[in-house]
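I am attaching a structure below and will ask some questions about it afterwards.
Chain nomenclature is as follows: A, B, C, D and E, assigned in order of appearance, with residue numbering initiated at 1 for each chain independently.
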Amino acid sequence: MTFKRLSIFFAISVFLLYLGLVLSLFYFYKGSLFMEALLSERILYSIKISLIAATVATVLSIVIALPAAYALSRFDFKGKQLIDTILEFPMIVSPAALGAMLLIFFNTPIGMWIQDNTISFVFTAYGIILAQFVTTVGIATRLIKAAMDEIPQRYEDVARSLGASPMEAFLTVTLPLSKRGVIAGGILTWAKAIGEFGATITIAGSMAMKTETLPVAIFMRLATADIEGTVVLIMILISIALTILYGVRLLARKQDA
Amino acid sequence: AEELQLFSGAAFKKPMDEIVSLYEKKTGTRVYAAYGSVKTVMSQAILTKQGDVFVVPSSDIMDKVVKKGVVQRETIKSFAYAVPVIVVHKGNPKNIKGLKDLLRDDVRFAMANPENVYIGMLAAEIFDRSLSPGEISKLQKKVVTYADDVPKLLSYLILNQVDAILGFDFMKGWNPDKTEIVKLKPDEIVRISAGQTGVITYSKNRERAKEFIDFLLSTQGQNIFKKYGYQASEKEAFNFAGKKLEIGGEPEFSGNWIKQ
Amino acid sequence: MLEVKNISVRVGNFTLKNVSLTIKDNECHVIIGPTGSGKTLLLESIIGFRRPLKGEILLDGKRIDNLSVEKRGFSYVPQDLALFPHLSVRDNIYYGLKIKGSKGGMDQNIADEIIEAVGIRHLINRSIKGLSGGEKQRVALVRAIAPGYRYLLLDEPLSALHEGLKHELWFLIKELQQRYGLTILMITHDIEEAFFLGDTISILIDGKLHQTGRKSDSLIPKSLEVAKFFGIRNLFETELIHTDTDTFTVYCEELNTKLSVRKDYGFLNSLTDHRLIAGIRSEDVMILREDLIRKDQDNMLTGSIKHVFYKGSYYIVTILVDNSTRLIDVELSDYAFRKLNISPGQRVYISLRSERMFLIPSAQT
Amino acid sequence: MTFKRLSIFFAISVFLLYLGLVLSLFYFYKGSLFMEALLSERILYSIKISLIAATVATVLSIVIALPAAYALSRFDFKGKQLIDTILEFPMIVSPAALGAMLLIFFNTPIGMWIQDNTISFVFTAYGIILAQFVTTVGIATRLIKAAMDEIPQRYEDVARSLGASPMEAFLTVTLPLSKRGVIAGGILTWAKAIGEFGATITIAGSMAMKTETLPVAIFMRLATADIEGTVVLIMILISIALTILYGVRLLARKQDA
Amino acid sequence: MLEVKNISVRVGNFTLKNVSLTIKDNECHVIIGPTGSGKTLLLESIIGFRRPLKGEILLDGKRIDNLSVEKRGFSYVPQDLALFPHLSVRDNIYYGLKIKGSKGGMDQNIADEIIEAVGIRHLINRSIKGLSGGEKQRVALVRAIAPGYRYLLLDEPLSALHEGLKHELWFLIKELQQRYGLTILMITHDIEEAFFLGDTISILIDGKLHQTGRKSDSLIPKSLEVAKFFGIRNLFETELIHTDTDTFTVYCEELNTKLSVRKDYGFLNSLTDHRLIAGIRSEDVMILREDLIRKDQDNMLTGSIKHVFYKGSYYIVTILVDNSTRLIDVELSDYAFRKLNISPGQRVYISLRSERMFLIPSAQT
């Protein structure tokens, strides 16, 4: 009983830590600003582009992370250790530095070729998605790999004995079995994507109604010492994002039952 | 020993480090310098209610912190003057000679965000004054992005994402190998920028803070800024610009620059 | 026809050595052996989960050991069942059908029929979690049979079922085998099951195939290991002293007696050594009432009853042979036990019936 | 076979993406600067403080995340859903905003009391650890919870039947069983901590030889558009961090075998 | 003494209804029943993994149903074994000892001894992964016994072992029980095992305890469900027509004959109804050679042999009774089978021995 209480105590501590931070926002909160901000066309645009970019980046990340994680979890191939090590790379490099690296990359011949011949990323909304994708795909792969590592190979083997091809076995057995891990990974990816700022602003710039995501908007307020405005925007970001994540989680839980 | 806490915009880090160590040697006072982006140092000064000396790269920011009561207006001093110029790649490969060249289709052009970056505001003001309405809207359409701070603006140029930026003359000092300056015509420039420093309201050691500011403004200090490519005095700055100009102040430009 | 030729498999310190098997179409081949003898390993190698060190696996004469699992066409009930925990009982059962369905139509009726026969219709909507041990086993069995593969590999598929149900499923498996022309390779540790279902039987001990052959030949152990595996404790070291047209005569020092062994039962092809082990199953030993003793009864011994163990429907009686320290086990039906009125200490006559004795090479050779 | 190749292809794509970014650094690489930087006392101090702070913050995060994750994974209690939702909070809020929030917090009466009566966080090395801890403890909890969710309760039950108290069952069964997940979580936490910049600089400042971590030093180079200097420092950060992570992973793998 | 009083447990749609049990110290109580009848559920409720809806569990008179698992003091071998996958075989075995050791010294020798006896000494350094089914089961058994708890709850602990080893472990368990004064509650679906190990036996069918009592009483089914569970197929609907001092006489329409049933065997306490089911186990039916028939043989029938099934060491013969469609199963030892020279179609005499017949209430009641 005591251990149970102790562990719950720790869980609640983590909660209180974050709650405390959120609540202290109210110290600078001005109700009037909140509605004003919510109704401004510019903020609405920021909300829209934030949601779209984060969602697209998350989908891209997960779609690529799924097979990549599967390969890392199941197969042995040359360079696997190397790949496994580099996945944390976007975590280690702070977002601003990562943004700079992206710019540097687009300054290399390959980067320039990509800019000129495929999609132009620098200073466009695609840049937002790219920045978020680059920051998240590594972690997404890591998280999904961790989940797949826990699924015994055995189920796939048995599926194969029932006639499933490797691909079918993956889609019908391993994937659904690691569903919880994939969803958790997706949620984290999305959260990271929607909160991504440093790389975004570096590569996509900060033009209002063009590449101004919510975190960029928060930065703009902060940069003009508008603490009240900052607080309101942070609150908008937190409430939208947490509500969506709560909804996704609820949905996933319902489907499980 | 006594201690001073300094908040400074990161752009001044190199000269400021030198000044701090000289000052420390001279007075024996220990100076803790916290550098950061403008937003960082501002939130730090506003929210921590600590520190003695506040150093920012432009007057608009100083105005804001004064309004917040963080810095005493009467203690504010200007130093390290900066003149708006066009910055281009070394050797000026696109052969940019003036503002009008920025309108050319083959010139990729970026400026700083006029909403919260002083050089962005200056640029908008300059364009509003010197270009025709048609040219202005053309430029507004072709500007590839607004940079959210001065170093990023320069990075875009160095990393060859743009051919020209409207920046400050000291940028050449930051990166002499890759950049070149194209001066504006004297009457195109409305005002110049200056780094500003002041004593923080919450300072518990005003005397020392004032002493440090004085040292910063001394010839010894000015020379260090000169070394890093800044115009050390008003006079030099006006010489460079070609005429006497307002220092700091609120640039005037149309709202179109912020929201198109 | 499924042929396993000389395969060797290694995991950890364990090796399966040079195993060869032939399973004809429509036949049921049963592998029995002690725990840890490599039965599961053998099955997993055939199905393709493990790569043998050497050897070949052929299906209808074509090598399949290089094919991937799903191309070999074996259905499998693993020992640990490995039911898909994220699917319902229904989706588990129809898994193979659906996969196949996407490649060409299959007959759903087989599945429905077996679900009924195995008695899991009421579980069909349940999730795998919460199924009892026996329920899980039946679901795994149906999942393997449903897709309609011709080859069925079963790893102790009935071990968690109670007697009654197990017997019903024996009949069911036989029937399915005949109806759909299935070829079955099955592991069990239930000797009764092996003899009921198997057409041919292999005995695997310690990674080596000790004997393999038709069911009728499998009852007679051909090595000491197999005898011990069968739980035969009546084993005696003997020396061959005489060979007749239809009988061997051996001398057993321990029992201080000669024993005759009829050639037609425990036939040894080649007697390379004179040191042999003679054995007899406990159910083949007879306890005789004094009034029923005939002079011609062979291998007669006298002794006294030491222990009596009741085993539900029969008794095991151990008898201490006179002038010896040797115990002999005798299995008695309830009826015989009562008729003979057995009690510990009682003196009895026993016959190690010569037509039921067998000879195997001595361990020393 | 094709599916295997396809999935490995994706894994290698992720690798190439990051490798490409790292390699493009060489486009601006000056060998002389590298040695110069590595030998400078200031950079050495940055490396040291980065490593120490990240390690301390990671240990703190994990120590708190372990019981918290366990509580969230095993018990039902009031507010659990809420806690579960707020864990992504530090991801959603960009680091700079998080730093601002921390400053705001220390501006409230409670925060001031903490500053004055316990440890002083603002502009001290403790602030670095605090910033890194706050950014990571939520994700650490989430990752460890995900790992523990995959460990069947059954093993604990059986351990209890063998006499283990709930605490002992946790320590001897659930914890070692979720070891891989905990290590993966720890690695991600450490990576995030060592790369953390926005919150760090806001709360701890950037005093040389005091609170200047490697990412802060990188930022300082970026702040004067010193691309070559930035590149060198990024390389130092990446090589140190990836080497350490590789070592940790190797160690964990060896212990496993 | 462990007492379970009237507990009811519910999971999903399944309910364990009002189960009561009493297990005296040093006794081995065996629960048998079909798969899915709730055996595991019952054990898990006693050990504390599940909370019963109602009822009490008492240990030596003290209620323990509110205690947490580790305070109840039961050792457990779960049906799925649940060996700790992260620990070696050794660490699994010593897990309980170490935990206890940290609370007060324990005797390591028990563990070492059992490791030896169960034959897993060679596995001791292995990891759990890769153990065969039977090896795992033995490790789980040792893990539960090693800590030296007085109460042992075993859920089909020997189901994956081969005959020979299983028998050895039967003896081992008996010996350990006596030596260390263990009280054992065990689930099995192996009736032979139940009768060998159990002092008392309970039969659980469909969540209800159908009968519980001393081993000797348990062989006689007291309900149709139990008879079916025992696999007894020789069940006949009859009507009671006469009651004697020591015999009931019933009339069976299906066989068109009267049958006598001796009271001392299949005794029914109260005959509330005249409709009864008479039954006899296949091993209790006798096939008689014409020359051995005595007039006094009771419940004689004639018929012809329909099927013959060989079961390894014995035969099951089904006999179609004359003037009826009814088949009767007879189990014959190999010896008897040969003696009688049985072949399909052959006409035989059979006796449903009155001293082995039992009566149970008809299903309709």
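As a working rule, a contact is a pair of C-beta atoms (placed from the backbone, for glycine too) under 8 Å apart; a residue touches a chain by one contact, two chains touch by 3 or more.
Remember, predicted model here, so these are calculated numbers, not experimental data.
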Every chain in contact with both chain A and chain B is listed here as D
Quick one: which chain's Cα centre is the longest way from chain C's?
-> B
Could you see whether A-C or B-D has the larger number of C-beta contact pairs?
-> B-D
Could you please state the distance in Å, as a whole number, between where the Cα atoms of chain D are centred and where those of chain E are centred?
-> 58
When the C-alpha atoms of chain B and chain D are each averaged to a single point, how far apart are the two points in Å?
-> 35
Just curious, how far off is chain E from chain B if you go by their C-alpha centres, in Å?
-> 91
Indicate the residues of chain B shared as contacts by at least two other chains.
-> 37, 39, 43, 47, 152, 155, 159
Which residues belonging to chain A are in contact with no fewer than two other chains?
-> 1, 100, 104, 107, 165-166, 219, 222, 227
Residues in chain E with touches to at least two other chains are numbered 68, 80
Kindly provide every pair of chains that touch.
-> A-B, A-C, A-D, B-D, C-E, D-E
Which residues of chain C touch chain A in the complex?
-> 47-49, 68-70, 74-76, 78, 80, 82, 84-86, 95-96, 99-100, 103, 143-144, 147, 149
Chain C partner contacts - residues on chain A that touch it in the complex = 154-155, 157-166, 168, 172-173, 176-177, 179
Hey, which residues of chain E end up touching chain C in the complex?
-> 11-12, 32-36, 39-40, 79-80, 126, 130-135, 137-138, 156, 159-165, 167, 189-192, 194-196, 219, 228-231, 281, 283-284, 286, 309-314, 333-335
State the interface residues of chain B toward chain D in the complex, per the touch definition above.
-> 5, 10-11, 13-14, 17, 32-37, 39-40, 43-44, 47-50, 149, 151-152, 154-155, 158-159, 171, 174-175
Contacting residues of chain A [partner chain D, same complex] = 1-4, 6-15, 17-22, 24-25, 27-28, 64-72, 74-75, 77, 79-98, 100-102, 104-105, 107-108, 110-111, 134, 137-139, 141-143, 146-147, 149-150, 165-167, 170, 180-181, 184, 187-188, 191-192, 194-198, 215, 218-219, 222, 227, 230-231, 234, 237-238, 241-242, 245-246, 249
